[in-house]
Amino acid sequence: MASRSTAQGPFHPWRVATFVILSVLAVCFLLPTLGVLLSSVKTTREIALGNLWSVPSSLYLGNFAEVLANPAVHQYFINTLLVTVPGTAMSIALGGLTGYVFAKLPFRGSNTLFLVVVAGMFFPPQVILVPLFRLFNGMGLIDTLWPIFIVHTALGIPICTLLMRNFFATVPTALREAAILEGANEWQVLTQVVLPLSLPALAVLSTLQFTWIWNDFLWPLIFTQSDEKRTIMIGIVNLKGQYSVAWGVQGALSLVASLPTLLVFLFFQRYFIKGMTMGAVKG
Amino acid sequence: GGGEVTISHYFTGELGLKAFAEQVAKFEEATGIKMKDSPVGHEDFKTDILVRAAGHSLPDVFSYWAGARVAFIVKANSLAPLDDLWAKNNLDGVVSKTIAKSATIYDGKRFLIPFNYHYAGIFFNRKVLADAGVTEMPAKWEDFIALCKKLKEKGVTPIALGSKNRWPAQFWFDYLLLRTAGPEYRAKLMAGEASYDDAEVINAMKLWRDLLDVGFFVQNANADDWTDAADKVARGDAAMTLMGTWITGYWDGVGLKAGEDYDFFPFPSVKDGVPNAAVGPVDGLVMSANAKNPEGAQKFLSFMMTNADVQANWAKAQGALSANVNVDPKTYNVVMQKAAKTVSEAPTFAFNYDLATPPPVAEVGLSMFSRFIDDPSKLETVLKAVAPEAKKAFAE
Amino acid sequence: MSQLSLRSIHKAFGTIDVIRGIDLDVAEGEFVVFVGPSGCGKSTMLRMISGLEDVTSGEINIAGKDVTRVAPAEREIAMVFQSYALFPHMTVAENIGFGLKLARRPRDEIKRKVEEVAAVLQIGQLLERTPRELSGGQRQRVAIGRAIIRQPRIFLFDEPLSNLDAALRVQMRLEIARLHQRLGATMIYVTHDQTEAMTLADRIIVFNKGHIEQVGAPMELYEWPANMFVAGFIGAPAMNFIPGRLDVAAGGQLLSIGSFGIALPYACDAQGDVTVGIRPEHLSLAPPSERGLSGRVELIEQLGAQTFAYIELEEPAMTVTVLVSPDVRLRTGDLVALTPVPEKVHVFDGSGRAAR
Amino acid sequence: MSQLSLRSIHKAFGTIDVIRGIDLDVAEGEFVVFVGPSGCGKSTMLRMISGLEDVTSGEINIAGKDVTRVAPAEREIAMVFQSYALFPHMTVAENIGFGLKLARRPRDEIKRKVEEVAAVLQIGQLLERTPRELSGGQRQRVAIGRAIIRQPRIFLFDEPLSNLDAALRVQMRLEIARLHQRLGATMIYVTHDQTEAMTLADRIIVFNKGHIEQVGAPMELYEWPANMFVAGFIGAPAMNFIPGRLDVAAGGQLLSIGSFGIALPYACDAQGDVTVGIRPEHLSLAPPSERGLSGRVELIEQLGAQTFAYIELEEPAMTVTVLVSPDVRLRTGDLVALTPVPEKVHVFDGSGRAAR
Amino acid sequence: MERHNRFWRVILLSPPFFVFGLFIIWPLFSSFYYSFTNWNGFDSNYDYVGFANFSKIVTDQLFLNAAINTTIWMIVAIVVPTLLGLFLALLLDSKVTGAGAFKTIFYLPICLSAVIVGQIWVWIYQPDWGLLNTLLSHVAGERMRFAWLAKPDTALYAVIVAWCWQQTGLSMVIYLAGLTAIPEDLIEVCSIEGASRWQRISHVIVPLLTPSTVVVIALSVINSLKGFDILYIMTGGGPFNSSDTLAVHMYNESFRKYLMGYGSAISVVLFLIALAIISIYFRQLKKVDRIYG
């Protein structure tokens, strides 16, 4: 790194320029997000009258009060956590299993199989809406959180397989062989040797999967029916009535609902880059 | 049965959900039957109910839009007939005649309990019209044009329209067609027995185009939601908007006073000898053919329909009119009372376009409207293209 | 009874034959070194012994038991990898005790054994570190520790020292030799390094293209290579190969290189064009006036204890390497005559076989 | 005028001084080798010469011009990295011609020059391959090609051969030597390998902890190391260091190791406890009855041309390495007496300085 | 060993394949079944119509329109976030002050749900008081009232801009990762060989980032093929189908027109397109592997 920064002499016009360009872009990127922030501190009436983008003369915190005091919102959060955390964990776990086999125990035709699994990432989920509903209905799981968890687990398998396979491929085969010579079976190799070394990949996948599952609203919409089973995104969507919208409350809820994904990113950020480097970028 | 009754509906949003839940609670208290409630935003409701139908798992009771949509699912054998319920509760004496006639009977049987209905009229900002010196509301097309001209001269855009979601534009087509070609022709068109390149359609559309051409409509109607249009009228940027009575609920919500700040007048008559039909949607409740708890469901339906208190509260929250004739008109605000009167006096009640014609056709038509609004000069080409598409859609 | 015996082992990857018929017996306590050019199948053979790779055909016996289909962990072998293959997320102690932990031995037994092994390898003070906090030599020791603790019948080493620098390599080599003496265990060791092979091996097995070229004690191979391949492969710097002719002459055979002739002191079953092999230390320098292979000094390499000269021969035109005795003073460009030690001259026939 | 001159170069990374005052002049056409233990700052020094690293203080002159603040590309140097640093997405020809392409030289000129360079390095037939399709030695050649084509004043090599296997290393070493002769360019070469340093260098610079311990021709360092560090570092196997005493005696100085005494044939400016340094080739074996350092043979390493014996001395108790002449037959456990060659004995005073 | 491996492959693959097969593959194929029927979703009676739905696709103007839009979407959604993400990553890699904060800002949009993103951008594009027109008015000096989302010429692109805004952060993060994987010595060779800043980027860094580029493009393709939520929220495919993509079209036909059979046929085609793209992707991946492995 030293060369990149030091070879430029004492004055760094490039650095200044870089900083300025980045700042301008950052403002551009922040402006839209600012919209949510503004909408959350204004009344619905103010927004309806077209005053969204003006600097608020006074902060209206009623929206937040309404959102945070609403027990239904608490339930939404709990439900979302209840599907997001296990869904993230389970999709990574299952993707890890396939990834491990594809990386360390390849077999004839495993590449084709891998292709089929990864192809699972590419179709729009609406395609399987109806058959899945029937399946879960048959299992008596409609209006529980199970189907959401299960579908996200299943839908997460392709991306998790892809990344875990690539990551596992960077773990030296000699480690697996050494463990096997020590008497470990594949399960022990996976859990005691390979996985502990794959924390960066886990960080990447945790971030991505958490974000995707948290933000999704198609599956909860279809698979849950009662309000006590709904997730936060449905809560936001349902703030829109047939003939009305509560903009301010929606803004406040949106803001609150986006915090967990942001926190997850910030938490995993350090490993994220490293994991991407080893898992995704190496192809 | 004493078990749960499942219900799904599209009464979401802050007010709608709360008000509906209150009424459901009344029912539960009165009967001891538990309702299992599932509110879904109304765009998503369409997907949700289809998936559930496809999955053979419709809720016992669900809200639905009277008209072609109910006809469609009746044809698919998804609904249970409610004639017994109707007779047992003597609903003939409870449900408004106009509504009962137009909204409840499909294939000769009753399938829908009309819950409430809306009426589409021209809602206006009183102050703006007063400033323009208008005292008398136009009853004839010429008067309407004159009014628009006057407003325009005053620098106020006469008509607001927010057709981003397409459907708000339909009322213009509905009324213009009804007022020029008459309800019978329209019914034929809606049923696929007439063609979109008929002279009747072209004439109606031309009237509309004339309004657009002289700039009576706001710019960028396709960019606005209907609420944006309502806001424009409320602010006084525009004078009037052709919208359903739910606009009163919206305006009340942002603090406008009925009768003082806003009012409405019915769509003017255009051609002599054509009856002045009223247009609007009817929200109803239906019972699924495979309801797990039909008894409870029927109890629920009759309670919701016959209980005047429930009807009154619910209609108020939705900015709707109750289909129950026993609801005391005084529970409505002045504007709504006027609307109720207009409907009861109307010779026919017609559903708005997307409820009157089958969904695949409605898709074609609604797209046509927004295309037309985007560029009115293309009217002929648009209609030419739509006619065969609509035919194809009817075929499906 | 031999500790390890390989019976006509074959191995093919897909359609490519990598091991083509290996038969070998290794006695208990023997130190056997596999050498051979890159890609000749040494690692593959080792991995088949360990069980990490299946044999295509043939039979592997360990201590008289057929283990051809036995799982690696049950073969009573231990393997030390070139890359050490230490688990980066475990401490040294955990690395060494990993096998015992898998076998669910009691915690204190593991601890005791790990400490014993660490004491043997003098890494007692490192037990709580992780591998990345260790130097190369220390890592290698840990890897060996992990092998020792299981008290295997056979140790397998695959180029264990090749990632270390020269000084460390020497040190670790001595430690492995001591370890072998102390444990008396059977060891099979793959290496590219001449010195390691020569100093460690009881027997060296020279591999080439999936078969064994020669088996023997180090000096046996050095002094009596069975063919040109082994002759060229063993010894650094390598043996000089010079084209020559072998003719029957009065009283024996005459070996001529260009115009220079040597009366062979032993009998050779070859004739005509042959290749003459002479190691650098068996050529001595003389003033150009003397009888010998005449040439010119091209380059002198002084390594301190040893000095090598590269001499460009006049006939045949080629460069040979000569070990120069320390007292001779040479300069680049000097003309010299080279005389081989006749007893140490190797003759290879047309097919490369040693013709002795 | 020297080609490269370094004047009191210092370098600190943060608060850690890595280079602590280096002064050095390199003449045009000289081949200078930097050696030293790992982490002593060799690479850092090389990178400062190249301009990849800034100096903290001091001055670098190339061909009389102060280049301390000049960009790497303008210093007329070329560098060959240990990892080869070839661009994987470019063919060999593109890699070699990269600098010329950046300088926007005409296409046919680039092509011609690349072919010339490829011919010199005998990689003409590889020009269209990508680096992944090359063997280690070939890659190294391409890296050298990329350096040559720019006709730099100074070549910098950072352990260029350390990723190659032994046989290739020998071959590439000779090629670099030839290249140096042919181009007559100034070369600065960092290595860990004794042999490379001894054979390639005109001068060896021994680094230790960021400063220079000694500068000199290879054999000069071998024969007259200035201190114990250099003495121990240069030469493989390493010099034996044995504790001894130096006393004034009749007619000179008496060096005693245990009960064995040597009359030093030269004058030493030390007294009392000293360390005696004797290289393995300067100890000769004699029957135990003879006068000398008595000990027992612990281990014998036969490398073919050379045999080393490890002798466990009785007094002081330690092991020394001895180069055994080929005609001596030894066995482990034999008792022997060791006699050093007095002229070749090194004496180091308490501070490790050669006391001669 | 092979026997052991075979055993473990079965053990390890069973759970994921069970889940994947039961909840993805099976529904997928059962949905494909309907592509040969005229099912409307509600009715339990429907007819087998053979390939009629597929032959309808050929003549369906809306399908063609959606296919063209998807292509446009895909190309822009690949090119813009990729280039912008690369640009940001290159700037951020030069150790600029506040790099951490910048990274978070650029990544922030990914944390937002499509519901939220869609709503914000609707507000931005609002013709009367939206941010974009307000800003443009200040620049142009006259009142701008352009309805970005309501005009068929701009609607699709307006949504794509929002999409790019959201996706750029992901490309940036992947490129940042890729940059850390570039061996330092290759960059050093550039300074020794005298490469200018631009030459270094164009001749060395960008080519060496190819593996990252492959991932970025793959993710873009995946996401844009799925690209539905944000589009559906912002324009719903409108005005008059001008911003329909294949996913939106499939949805409209299935769920708005109740043509489940035809919708399934569209999804079959969509799936085949996806398969074609993914095999191209894999071929590319192999090539990249060969050079950069």
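Letters are used for the chains, namely A, B, C, D and E, taken in the order the chains are written, and counting of residues starts over at 1 for each.
As a convention for this text, contacts are C-beta pairs under 8 Å (C-beta built on N, C-alpha and C of every residue); 3 or more make two chains touch, one makes a residue touch a chain.
Heads up on the chains, UniProt names are A = Binding-protein-dependent transport system inner membrane component; E = ABC-type sugar transport system, permease component.
Every value quoted in this text rests on a predicted model; they were computed, and no experiment measured them.
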Chains in simultaneous contact with subunit C and subunit E: A, D
Between A-B and A-E, the pair joined by more C-beta contacts: A-E
Whole-Å separation of chain centres (CA-atom averages), subunit A against subunit B: 40
Distance from subunit E to subunit B - Cα centre to Cα centre, in angstrom: 38
Euclidean distance of C-alpha centroids - subunit B vs subunit C, Å: 92
Averaged-CA centre spacing for the pair subunit D and subunit A, given as whole angstrom: 55
Per-residue multi-chain contacts in subunit E, two or more chains: 4, 41, 126, 128, 188, 191, 251, 254-255, 260, 292-293
Overlap residues in subunit A, where contacts from two or more other chains coincide: 3, 7, 50, 130, 237
Multi-chain contact residues (two or more partners), subunit B: 47, 51, 54, 56
In the complex with subunit C, residue positions of subunit D that touch it: 38, 165-166, 170, 174, 177, 192-195, 198-199, 218-219, 222, 234-238, 279-281, 299, 301-306, 310, 323, 326
Residues on subunit B engaged by subunit E in the complex (per definition of touch): 46-47, 50-51, 53-54, 56, 72-73, 75-78, 164-166, 219-224, 228, 359-360, 363, 367-368, 370-371, 374, 393, 396
Parts of subunit E lying in touch with subunit D, wherever the complex brings them together: 183, 185-186, 188-189, 191-196, 199, 203-204, 207-208, 210, 290-293
Interface residues, subunit C side, partner subunit E - complex: 51-54, 69, 71-72
Touching residues on subunit E, where the partner in the complex is subunit C: 1-4
